[in-house]
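Below, each structure is written out as structure tokens.
Consider the two complexes below, in which chain A is the common component and chain B and chain C are the respective partners.
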Partner chain A sequence: MSFKKSGKKKHFQNKAYLYLLPALTVAAAFCWYPSVKSIVESFLVVNQGGKVIGFAAFDNYRRLFSDQAFLHSIKVSVTFILLFVPANTFVTLLAASLTRRPSRLSFIPEYIFFTPVAVSLSAYSLLMSDIFRGEASVLNNLFSTAFSGITTPAGAMAVLVILGIFLDFGLDYILLMCAFRSIDRSVIEAARMDGAGGWRLYWCVEVPMIKNTVLVTIFLALKDALLISAPIIILTEGGPYRSTETIMFYYYTEAFRSGNRAVQNALASIVLLIAGAGMTVYSIFKRKKEAL
Partner chain B sequence: MGKTVQRTAYDSFRHVTRIILLVLMSVIVAFPLFYMFSSSLFSASDFNNLRLFPASPVWENYTRALNQKFFWRNMLNSVGTSILASVLRTAIAVLAAFAFTYFKFRGKNLIFTALVLTLFIPQEAVLYQNYRTIAKLGLLDTWAGIISTSLFSAAQMLLLMGSFKAQSKEIYDAARIDGATDLRYLTGILIPLSGPAILTVAIQTLIVTFNSYLWPLLVTNRSSSRTIQIAMTMLGYAESGQLGPQMATLVIATAPFLVILALAKKKIETTLTRR
Partner chain C sequence: MKKIFSAVLLIIFLSSVHVFAAGLRESSSALTEVEIWHSAQGSNAEVFDSIIETFNNTIGKEKGIVATSIYQGKANDVLTKINAASGTDSLPDIAMMDATAATDMNASDYLVTIDALGIDTSKIIECGLSSYTSEKGLLALPFNASALLYYYNKTLYDSLGLSAPETIDQMAYVVSKTGLAGSNGKLLRVGFIGIPTTFELSTFIGSQNGLSYMLDNRNGHDGVATKAVFGEEGTYKTFLLEWKKVFDTGFYSTATTGTTEEFTAGRAAAMLASSSKLATIINSAEGFEVGVASVPMVNENATGGTVISGGALFAFSDNEAVKTVLEYLVSKDVQAIWSEGTGYVPVNTESYETESYRSFLKENPLYKVASDALLSSNPGMTNVWVPSAYSIYYSFQTNIINYLNGTGVDETVSEMESIINSAIKTYREQNL
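Presenting the complex of A and B:
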């Protein structure tokens, strides 16, 4: 009897592996393998055809960090992160706060705030590149302003931040708005009975209760800001004067236009390291929160 | 008494500020979409004259958009890859989640950790190596090339595991005793019971794949194998200043999702709001 049981158990085991096979195959082929390969090759000399022809130690990294264009791209990315993350958090939190209590007509702004999730990256990028195409633009015409749009370095950075916010807005809004509405009504009623209303209720009761969701959106914004490249390909091509050449746009041009394997592998490894560190901090933090 | 009056005045001030802010933000967020719809009916001179509304709507932009040489081909590529990715990715995540929630096997923790750790690897960082792999497999300019790198999502697997764990295991044992195979249990009981979670995963993949840009851009070279999202950025109208047909293409590719969103909004809200 016991013999039979263990036989059955073994049967179960094998089936589980079969069910996991597709997931493992994709994860191994397109996540693990390329990551390990990037890191290993970043320490090797690889020729254009992909053949390993020597050991490079840290030479690839040295080359990367002696490239002025790369150093510049770090500056651009840091600027973008510092502008985008706070602006995005403020705007999405404001939108969610304004609609946190449903009312008769609130479905209209709610739907409008939902729409960015349905609009593609390339659609928003194309729209922004026309709306902010230069001093002669529809908005400048409307408000009699003289915003330079994507034609000057500062203007292009501002447009990129605006575009970034549009790309993240929908999802962040949905998460934050639903978090607000998940707050237990009785907590708010109790705070009201104690005389807390308006600002006090908002800042001392409601915001602290959705703190975790706010942190999730900040984390997502950080990740998106660090990895931004596709909107730049459509919007500015890194210009003007390299003012919007972020780290990942630099990676894209080096890897796919210059075919620079050495720099590509070194940079990919650094990004993997940063992303890994970031995710580790995030998951430790999250686990701590859940334990509380 | 005095206090009450003050309070009401303050409350109505807050109320008015809230309404003003709400209207302002709604207008800003809706503006690019409004401009998309409006300018899809622009003539070339409407673009030059920086208008908000077309002088007289040029419906021809839509016929020109639909008559682009590769429009239908590009659209088919987009729809085909999205549906294929949606079905396969959901199926792969369902099977993995099923294995982790229903079976005991050696190396379970190790495999689980290995799969969850893929969350730590941004696809952007492995673009080049994945491109090499796809090229070596001869999958450039194919649907398989467009979708295969994104067929597993650990986040979706975790979401499904959460939903599967909520189902009673006794139903599974009973079904097994009744002679149901795993496949029958999955398709007949578990998947219908976890409907909302599976639908969320499927729709999410559908939208993400349809709207993806960078990866399809890299693995397609021929105009006929591009997806609509890539094609719309390469229409070449910008040089001639005739953006109308391009904006019409944007509308055609975006409008269906705006409708889906309107229909699904309530569902998304109830799924994400815990009461």
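Presenting the complex of A and C:
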């Protein structure tokens, strides 16, 4: 159906914009306006009450980058991303791969793997804090182990990665399993007839066919890793010794709890910039792939 | 036609909303509602709710006041929500918060001071009043007061012929005796667990030389502090040098979380914690008797005592109903009931004379340690009002662990000084 050179085209476009209007209004009020406001205010001196009292130029950014706690939080975030994203991709891909063929009993692993989606983040975080809290933890009591859990920096980071995987697992699993099951059967049959089987069929035919979905899960994991703060608030409070204080937890502590507007606006602008850059890279990548 | 019909429908809908809202206001005008946001958890929340219920059934009924208590998370969560609600009409009438709220509340234009409400505070304990007094007057009414205590495994201490240490030097000796290592060198029990931070340091530094401050302007109470003074006065250094003795015993755990669980499980022989945890700790201690004592002194000259901790009630509405509720909450009988049910120290001096509180202390002598420590302390001892309080809380932990792991003591002190001074500078530039 084409609207070219037809008066209907304009009418159709106007109607489309009209349908979009509620979403655009919400986006403008709750996303664009605060974003632009943060960027503008990052160059101003704003007091705790939100009143602008002067021009700061780049002072807020200078202050932010001279704060050792902030620089440390960047290191922690990068460490978390490097540990979490590959581990999360591996675990979810493994689970989806092992259960990709529908069978009479496949509802059992599916049920188990879907369940994390239905449990709240806070509930999981609280549960994890009890399971892994120090020498006297539930885990150590049950298995007579001596895992230090969240009381040491390395243990706390490990527990956070495990929690992150748990939180992302359900959605990623659903996406990957749907992708596996929607692969055109004729391609797999053709590969089989050509003699491919087992590992080769999986790695050279099935995985390449779902790579766009894998990419989506990787980007989702990256976004979650960069923005992680709520599980940290509940599980470790950034500790011990700031070892799990990510950029967003630092933001929460300084901007939200301490009302430090200098940090709030400068850091919000930086995170916005990073997220914008990430989305741009993703869409360029996606367009190139689609063009191929 | 359709458009006209839609417009008419919209007008009818909007006007009905208006009528409904007006109706609500009218029906509520007969009774005055006082909304209280609090941070009491578990059994403490039950006691608080029952106190409020008693108010509603007695004084409230008489004066047409209905008080409602709403749990809003820990004290710092309440502050976060108050900050978020400021500038809107969602602020409660009263909020229970701790000293970390003081800087924000002192700077805010929506706080109603206790002086402005005209509440008589002559019966409130002196250290409680001084810890919430700023240049603007009394910011909040002390309510859930507590003190830092030294908790120890009394059964173990008794079996070894040890008593609670009076100084950190003695503490190092006791820790070396109460720690236990397995044949493989792995620690089976530590002599002490926990790393001090702002709360503990306000006592460790504040008590030195009779009375000391961490920041100028009397820890920020006489106006926003301009700098940290623990460096030039040498108080932080003195503390660090003493604390290192405890670390050097090899039986010290620097854990920052789960310390209470480790203590009650018998894996740590001692720790520092607020007296407000007393009831919980006694109930959850596994197979041993809990002992409590005053916080060990940094040295013989650290005679200031202890800083009052816990929380206070901040008011955001200036009316007779709020005043009535606040007066009720700090009255002698209510404070006695609150203390007996929770372990908090009564803030009303007359509560100590009530028959019920006297017999309660007789049966539960451990609860007396905190009130004795507070009442015998220098009333000038105040908690620290510092901007970016949470960030500084974590900075102290990191700063101390770095020192224990080998950073020089002078470098440690100057690093902490510069972190605090930088936070103060940022705050002053933005707000003053």
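Please note the rule applied: the second predicted complex is superposed on the first by the 267 of 292 C-alpha atoms of A that agree within 3 Å, B and C clash if a C-alpha of one lies under 4 Å from a C-alpha of the other, contacts with A are read in each partner's own complex, and residues count from 1 in each chain.
In this text, a contact is a pair of C-beta atoms (placed from the backbone, for glycine too) under 8 Å apart; a residue touches a chain by one contact, two chains touch by 3 or more.
This structure is a prediction, so every number in the text was calculated from the model and none was measured.
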item: Partner chain in contact with A:253 - chain B first, chain C second, else both or neither; value: second
item: Chain B versus chain C as contact partner of A:23, first or second or both or neither; value: first
item: Touch count on chain A, higher of chain B and chain C; value: B
item: First, second, both or neither for A:227, with chain B first and chain C second; value: first
item: Residues of chain A that lie at the interface with chain B and also at the interface with chain C; value: 50, 136-137, 256
item: Complex interface listing, chain B residues touching chain A; value: 10-11, 14, 18, 21-22, 25-26, 29-33, 35-36, 39, 47, 50-52, 91-93, 95-96, 98-99, 103-106, 108, 111, 114-115, 118-122, 124-133, 148-152, 154, 157, 182, 207, 210-214, 217-218, 229-230, 232-233, 243, 246, 250, 253-254, 257-258, 260-262, 265, 268-269, 272-275
item: Chain A residues touching chain B - in the complex, by the definition given at the top; value: 9, 12-13, 15-17, 19-20, 22-24, 26-27, 29-35, 37-38, 50, 91, 94-95, 98-99, 107-128, 130-131, 136-138, 140-142, 166, 169, 174-175, 177-178, 181-182, 198, 223, 227, 229-230, 233-234, 248, 251-252, 255-256, 264-265, 268, 271-272, 275-276, 279-280
item: Partner chain A, residues of chain C touching it in the complex; value: 76, 79-80, 83-84, 86-87, 104, 107-109, 186, 253-258, 261-262, 265, 267, 387-391, 394-395, 397-398, 401, 419, 422, 426-427, 429-431
item: Partner chain C, residues of chain A touching it in the complex; value: 45-50, 53, 63, 66-69, 133-137, 146, 149-151, 236-242, 245, 250, 253-254, 256-262
